[in-house]
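Below: a set of structures, written as structure tokens.
Two complexes come next, and they have one chain in common, chain A, joined by chain B in the first and chain C in the second.
This part shows the complex of A and B:
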């Protein structure tokens, strides 16, 4: 299916897997040749297409080797499009032909239900499969973890939900399944327009959403944000680290934010910036310190940090290693990629590819994606901690830290910085800001980027389609500049 | 294990199944020969025995054919009992010998975890088995149903829990599993003494319990009840129908009560007197009408009412039939009783043996146990509805309606009534009270027991060890009287 976040997409999330078919949610932000690759690799037989993606599919129809029928969808009444596609049906016509009663077949809980492709930085996209059982167990864990632990999302049945990550991205984090199951009202935002989203959040009294930090940033710093009552709204954040500045700005508007760390392969729940019982009476600024952590495992999830020989590292707050996870909902397979599946599940745990540590309270801190980590003089520098520190400097709109080659230390960090409109700051100013953090023991002194080449001011930090910072693009830009 | 509700019993609920053994919770209220039957039928190998049950086991030791070792338990330090049993170990000694670290084996979720015997009115007790998966799914459903739907038990992690049904009765309704899993504090009452229970409920700020109606009755009508603050306390009621009088009396003390309908074979959750979203703003007296219903299915549970040919009956509020259920936690088997298992699961649904109807809002009303149902002139009379009506007559302490033989109508109802101390009432008074209910359409006029033989005043209504009214005893008493 190629679709925006509509009621049709929600219907399909339930109907297609329950009918016994594998539901491939096509990532519409991929390049056309990648989309063709995914559809062929998945051996899709029927394509459901929103009219907006009809030209795209027409342009690649000759490359599609397995598709036998096309079902077109639109919000328009009397939708009768011209198309070069063969075997075309209309979604609403097909529905109108059927009885409202249908007895779904009994299906093994271990049969495949959904498939979504995740694009690495290299190689072809990989298809991540979830079974009915995976989706069920994920839904149960999210309900229980968001619902039963005080001081967090405070999820309850019958609340009002607005998804703000697209449904083609890990089934919108699985939330449509559990929110629908629990009788929640859905406010589907269609294409994301910040002014409309803000108005709907207020008017519909939305209780909860989930989104990447970029979207939240766009909303809470929007000029209209103060006009609305957003104090009902609880938001799970993912995709990139939730920083203190953003969480505090959200709280000024009454919005409770909580960091959710996960990845496509984990459906995506893994850990959550959740309060423990002993934190419930802390002042909000201290609570935020927990809300922005990568967090503690969701119920039924197990996470550990291991060294390269797979020995578990102590929960001491500084032993950095590879993050591995087991949950009752992690994907069992990359679709038709046994070699990549074996690599993912090396040692019987799902290897996330992220590095971090666990502190004595049991909170995981992700310090880096493996491939983004900086090793300088044989020691790790956490780009995420540095980014968090730099983002607390008032003139900074957004920043990203990358590793750049260094003749003596192998790598040194470079802070790529976009300033807020009208603000100015120099490399020296940023360095002085960081020295305060080092003096307070929050970062290591030798982590601070060097003058002058450790500071790189850019107009805007580049993001990919799901809002993640594209560090590979920044590394190229830096290399260009220093050629 | 033969034990009171102690920390040892809680430890064993987790440790024995997780170790890979089948955990048989012996019903200590059974007669010694029944206990011997159960232990032999279960082929128990190790018996864990509280010192209070040592004389009992010694008295039947010659009948035990499979037990190879006895582990004795006590709250006393330096517990060194004299006993005629062979191969005796002490629980605390065995624990002290072991390392605090233990890696439990990986066990199939479908392996048997617990076994408890349920005694019918005839024949040998039947062993009800639950697998690890059953117990897990039941725990998840209870967490979600009690926790996520507003206006009910409002269960949350880290609350304070006091079990008030013994752990040998369907694993104390499965609550020790989920309450422990969710980090709740346990207040274990030991042997039940109402004055101590009331004091602990107040002092420990207990949030939730579950018990049979007899226990709640004993507590809320206790002379000390008003002395304590019980307004934190939410109670799930089972074993017998929760009547309005008892629910209203509890609410006078600030106690929220909710009817839970189930049976050993369903682990026991099946339906719950739960509010729907549209009831949340009703006044309490109207809410109580829902709290005391048999209720709507717990999440993931499916309940229907069928006729004798297994056709589903409409949700019309009066079509009475057999109640059947499917849940992901119902027992799969009576232990080593394939014939009884087949009967239980006839037509692929668990046949509860209860009869009732479903109303247009979807609430189940249990009108009778199959064997207690009264068929008069070819039509059903609900003893439970009649009992509820009679119990609202002020002088009545407790009542039970039984069917008695009638030459013309086959059966007619007889109300067995115990009056409150110091109160008086005649058969004519009770009949006049019931005629008001008939005039309001709450009962059928022809259900009203006839004068004079339809009213049978007794000193006390007899209950079995779990608080259920023994209607077979009442039928015998009635027969004796009319001989």
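This part shows the complex of A and C:
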């Protein structure tokens, strides 16, 4: 299916896996040739297509080898598209013609339910499969963990729910499944438009969402944000790290945010910035320090940090190693890729490819996502900690730290910085800001990027569809500039 | 080993069923355009499930 977050997507999320088929949620942000690859690799038989993606599918139809029928979907009542596709059905006509009586077959909990492709840094996209049992256990854990204590995320019955991470991406975290189970009111935003989302959040009194950090950023820094009452909104954040600046800005508007760390392969839950009993009476400023951590495991999730020989590292707050995980919902397979599956599950644990440490309180801190880490003079520099420090400098809208080649140290950090509209700041100003952090012991002094090449001012920081910063694009931009 | 009783399968069916028991009249709104109750939504899910016969 290629679709925005609509009622039709929700209908298909039930119907297709429950009649025993595998539901491929196509990642609409991929390039057309990648989409063709995924559809062929998955051997999709029927494609459900929102009219907005019709030109895209028409442009690749000659490459599609397994599709037998196309079902077109639109919000328009009198939708009669002209198309070059063969075997076309219209979604609403199809439903109108069918009987409303249906008995779902008895299927095994180990049946494959969903498939979504994730693009790595190299090679073809990989199809991540989840079974009914995976989705079931994930939903049970997420439901219980978010409901653990009062005053936190508190996702409960009869709340008003709006998804803000797309339904094609890890089934919108599986939240639609259990939001329905708990009798929540759904407000489905379709294609994401910040102006309208803000209005619906206010008018419909939405009090729960999962969201990617870029969308939250767009909403809370929107010029109209303060005109709306967002004060009961609880938001779980994924896609990229929730930084303090964003969490504090959200709280100014009364929005409670919590970092959720995960990846497609983990369905996506692994850990979350969850408070413990002893944190409940802390002032908000201190609670935020916990809310923005990668956090402690969701119920049933087991996470550890290991060295290159797979020895577990101590929870001392500074031993950095590879993050590995076991849960009752992690994917068992990359679709038809046994070699890549074995690599993912090396040593019997799911290898996330991310690096981090666990502190004495048991909270995981991811210091770098896959491939973003910087090694300078043989020592790791955490880009995420540096980014967090730089983003607390007021004129900074957003920043990303990349590693750039250095003749003596192999690599040095470079801060790519986008300033807020109307603000000015120089490399020296940013450096002075960081020196204060170093003096307070929050970052290492040698992590501070060098003048002048360690500071790269850009108009905007590039993001991919799920809100992850595209550091490879920034590295290219940097290379262009210093050619 | 012979199975006695019923081996309850952990499928998405359970989530759908319980929503219909607990809040059949709760609503699903789509933008400013459409609104369905859970029961109406379920009926559309069943119609969509029947549609699979067309291409199978």
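We adopt the following convention: the second predicted complex is superposed on the first by the 481 of 483 C-alpha atoms of A that agree within 3 Å, B and C clash if a C-alpha of one lies under 4 Å from a C-alpha of the other, contacts with A are read in each partner's own complex, and residues count from 1 in each chain.
Keep this in mind: a contact is a pair of C-beta atoms (placed from the backbone, for glycine too) under 8 Å apart; a residue touches a chain by one contact, two chains touch by 3 or more.
Bear in mind that the values here come from a model prediction, so they are computed numbers and not experimental data.
In the superposition on chain A, contact of A:377 is made with neither chain B nor chain C. Once the two complexes are laid over each other on the shared chain, residue contacts for A:362 go to neither chain B nor chain C. When the two complexes are overlaid on their common chain A, residue A:148 makes contact with chain B while staying clear of chain C.
Of the two partner chains placed by superposition, only chain C is touched by A:6; chain B is not. Of the two partner chains placed by superposition, only chain C is touched by A:14; chain B is not.
Between chain B and chain C, it is C that contacts the larger number of residues in chain A. In the overlay built on the shared chain, the residue A:157 is in contact with chain B and with chain C. Residue contacts after overlaying the shared chain place A:187 against chain C, while chain B stays out of touching range. Once chain A of one complex is fitted onto chain A of the other, the partner contacts of A:75 are limited to chain C, with no touch recorded for chain B. In the superposition on chain A, the residues of chain A contacted by chain B and by chain C overlap at 157-158, 181-183.
Of all residues in chain A, only 6-7, 10-15, 17-19, 21, 45-46, 68-69, 75, 89, 94-102, 104, 106-109, 111, 113, 132-133, 135-137, 139, 157-158, 177-178, 180-190, 196, 200, 204 touch chain C in the complex they form. Within the complex, the chain B residues that touch chain A are 140, 143-144, 147-150, 155-158, 182-183, 277, 299.
Listing the residues of chain C that touch chain A in their complex gives 9-16, 18-19, 22-23, 26-31, 33-34, 36, 38, 41, 43-52, 54-55.
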